[in-house]
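Pasting the structures in now, so scroll down.
Both complexes shown next keep chain A, but they swap its partner, so chain B is in the first and chain C is in the second.
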Partner chain A sequence: MEILQQLFFYLVALVSVISGFLVIRCKNPINSAISLVMTFFCLAMFYVMLHAPFMAAIQLMVYAGAIMVLIIFVIMLLNLGSEVVGRYRHAVTGAFIASGLMFFQILILIKKGDVSTVPGAINAEVVETVGHTELIGKALFTDFLLPFEIASILLLVAIVGAVVLAKRDV
Partner chain B sequence: MPEMLSLSNDPILFVTVMLAKILAVFIVVILIVAYATYAERKIIGRMQTRLGPTMTGPLGLLQPIADGLKLFFKEDIIPAQASKFAFVLAPMMILVPAFITIAVVPFGGNVVVGGYTVPLQIADLNVGILYILAMAGLGVYGIVLAGWASNNKYSLLGGVRSAAQMISYELAAGLSIISVFMLSETLSLRGIVEAQAGGITDWYIFSQPLAFCLFVITSLAEVNRTPFDLPEAETELVSGFCTEYSSMKYALFFMAEYANMVVISAVTATLFLGGPAGPFPGAINLLLKIFFFMFVFIWIRATFPRVKYNQLMYMGWKIFLPLALLNIVITGAVVVF
Partner chain C sequence: MITVYHYMVLSAILFSLGTIGVLTRRNAIVIFMCVELMLNAVNLTFIALSSHLGNMDGQVFVFFIMTVAAAEAAVGLALMIAFYRNRESIDVEEFNLLKW
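After this line comes the complex of A and B, so read on.
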């Protein structure tokens, strides 16, 4: 079973890395967006493998189901050509160097850290018995109530802002 | 009750039973999809005082098979200006989410196979309802991609309309389900069926009539059926997002539409009508409920004209969404006090 799980992980990881690469390499913005959806799908699979089904479903619903549809909607309406790409060559090189440096930094930090060996209060058995949704709900409404409420006020402000912007001329 | 069959206690039996369940569900859905086209033509024919198909086989019963064969042997045309990869990918991206959603719908209680308990459901997910909503969200990409990849004005308009429509109605559909799992206190579809097991009065259609109506209407809009079939409005957009499609690819769009109808019928039956509960053995009850909803959808198509686009948006954002929120507030108050 362990070997099967590992093989599956490597398969999904391969697909997610390839589609992540395609997001930045595709000439056409719609193809990039579709690759990004594929990356989100692979991320959702990682959540499932990490015993976090609620996160997986929310990841698909919010990112793949809502945000990416809006992005594709905008791209389709703007009808962007592929000629925009050529102008940003130097920026691509800069970003490549920066992300390479960041990658090594993260590798070193992971090697130095000791988080991976410390078991937390919530593990696979607890998720199996209590349920992932229940655990997240309880945590959100007890320990993390203040951040949760702040986030909701932030969203409310964003909604009010959108309405004000849209209604300015009326 | 004996031990639950799983991959750890009898791998070979588990895989066999799993494959058998998947195959059975798949064949049943394919058969319903094929004969839903026949039923639709027959029922709408009768409602318009026509006969519908009569020539192929007795009562025209072989019509779906003849249609399938015809489409299979048609020439497959990909427009020269189309974006080929997305054009080929789109029909698959709409069909696959439609079919895999049915995996979480329970079609019976538990049976005992080879000394182990086997639940009559392909996968009992802890987050079943969210899985259905997530797959419904992925289904929109097929239509949007098809509309964009065809490189045709009508297709593009169909795709854009579909994206806007799906986003608007997904919210109301999701919010109307929330009141159901406020009562059941679980997201698993099996859990929801068990919560309604105490007889016909326990069905959520009686305690949540508003949520039931909202869910049926919004899911009708999500699968692009009349009166919400604006993405393929044939009087204004030729046939919308699938204008450029031919042969089996066109058939895939058709199959996806009917598969989506089967899925929302099954989900509605599970959420509001007790799923496989009823007087007959489990799966037959569920099938009868599915057939009932399919008939209602066909009936609606024969009765109502298409809504206008501004009406569609107005209904989605200003009527259904506030009603769904109101329903959540009322349900919350009832649950707490």
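After this line comes the complex of A and C, so read on.
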């Protein structure tokens, strides 16, 4: 059972890294978008493995559903073709050096930072018996009520802003 | 045993991939998708640590990150449509109005 879990983790991790790589290397934006959907599906699988099924469902509905439909709609509306990838070699080299350095820095931080091994109140059994949605809802409407209201205002502003920007001749 | 470190290294890889994409690509929509990839890498870290520590706060943060990403998608794509109307292209090389 343990080895099966590890095998599944590495398989999904491999698929997510490969599709993440395809996002940045595909010449056609539509192919990038499809690869990004694949990455979102892999991340949803990880959320299920981490005992967060509600977040997995939200990931699929909001990201793989709503946001990706919006992006693909705009790509098709603007009728974007393939582009020349990596026209400037020095830019590509600089990008690889910068993100490689950042990656190593993150690795050092992960290795040095000691995550507490004391488990908190919410473990797999609690999620199983109480339900993940209920736990999220309780946290959202008690401790995080003000951020929740601010998020609703943010969405309202975004709706108004998007309509104004897309409508008028800017 | 899959520990929290596995998830954090994976999310570091995904975040670095997103950075490479943002720095190398020239199509504004692809850059936008790479930013989404970086946001998702951070989400994975939040949920892995939240599950490891037995605390709901990280997952509520992911909720808010998704809200911000949705708002960003709406406004960003509207901006791209407005820009495409002016320039007939969304190549970032053309975004040089404020360039010195």
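Structural remarks
As a convention for this text, the second predicted complex is superposed on the first by the 152 of 170 C-alpha atoms of A that agree within 3 Å, B and C clash if a C-alpha of one lies under 4 Å from a C-alpha of the other, contacts with A are read in each partner's own complex, and residues count from 1 in each chain.
By definition in this document, a residue touches a chain if its C-beta (ideal position, glycine included) is under 8 Å from a C-beta of that chain, and two chains touch if they have at least 3 such contacts.
Here the structure is a predicted model, which is why all the values come from computation and not from measurement.
Look at A:58: by the touch rule set out above, it reaches both chain B and chain C. Within the superposed three-chain model, A:66 lies in touch with chain B and with chain C [touch as defined at top]. Legend: residue contacts after superposition of the two complexes on their common chain; A:77 is shown touching both chain B and chain C.
When the shared chain is aligned, no partner comes close enough to touch A:130: not chain B, not chain C. Looking at the shared chain after the overlay, A:30 reaches chain B, while chain C stays out of its contact range. Of the two partners chain B and chain C, it is C that touches the larger number of chain A residues. Once both structures are placed on chain A, chain A residues 58, 66, 70, 77 are touched by chain B and, in the other complex, by chain C. Every residue of chain C that touches chain A in the complex is listed here, in rising order: 1-2, 4-10, 12-21, 23-27, 29-30, 32-34, 36-37, 40, 43-44, 47-57, 59-60, 62-64, 66-75, 77-82, 84-86, 90-91.
Residues 1, 28, 30-31, 34, 37, 41, 44, 53-54, 56-58, 60-61, 64-66, 69-70, 72-73, 76-77, 131-133 of chain A are the ones that touch chain B when the two sit in their complex. Those residues of chain B that touch chain A in the shared complex are 7-8, 83, 85-86, 89, 125-127, 130-131, 133-138, 140-141, 144-145, 147-148, 156, 159-160, 163-164, 166-167, 170, 174, 187. Residues 2, 5-6, 9, 13, 16-17, 20-21, 23-24, 29, 32-33, 36, 39-40, 43, 46-47, 49-52, 55, 58-59, 62-63, 66-67, 70-71, 74-75, 77-78, 80, 83-87, 91-92, 94-96, 98-100, 102-103, 106-107, 110, 115-116, 119-123, 135-136, 138-140, 143-144, 147, 151, 154-155, 157-159, 161-163, 165-166, 169-170 of chain A are the ones that touch chain C when the two sit in their complex.
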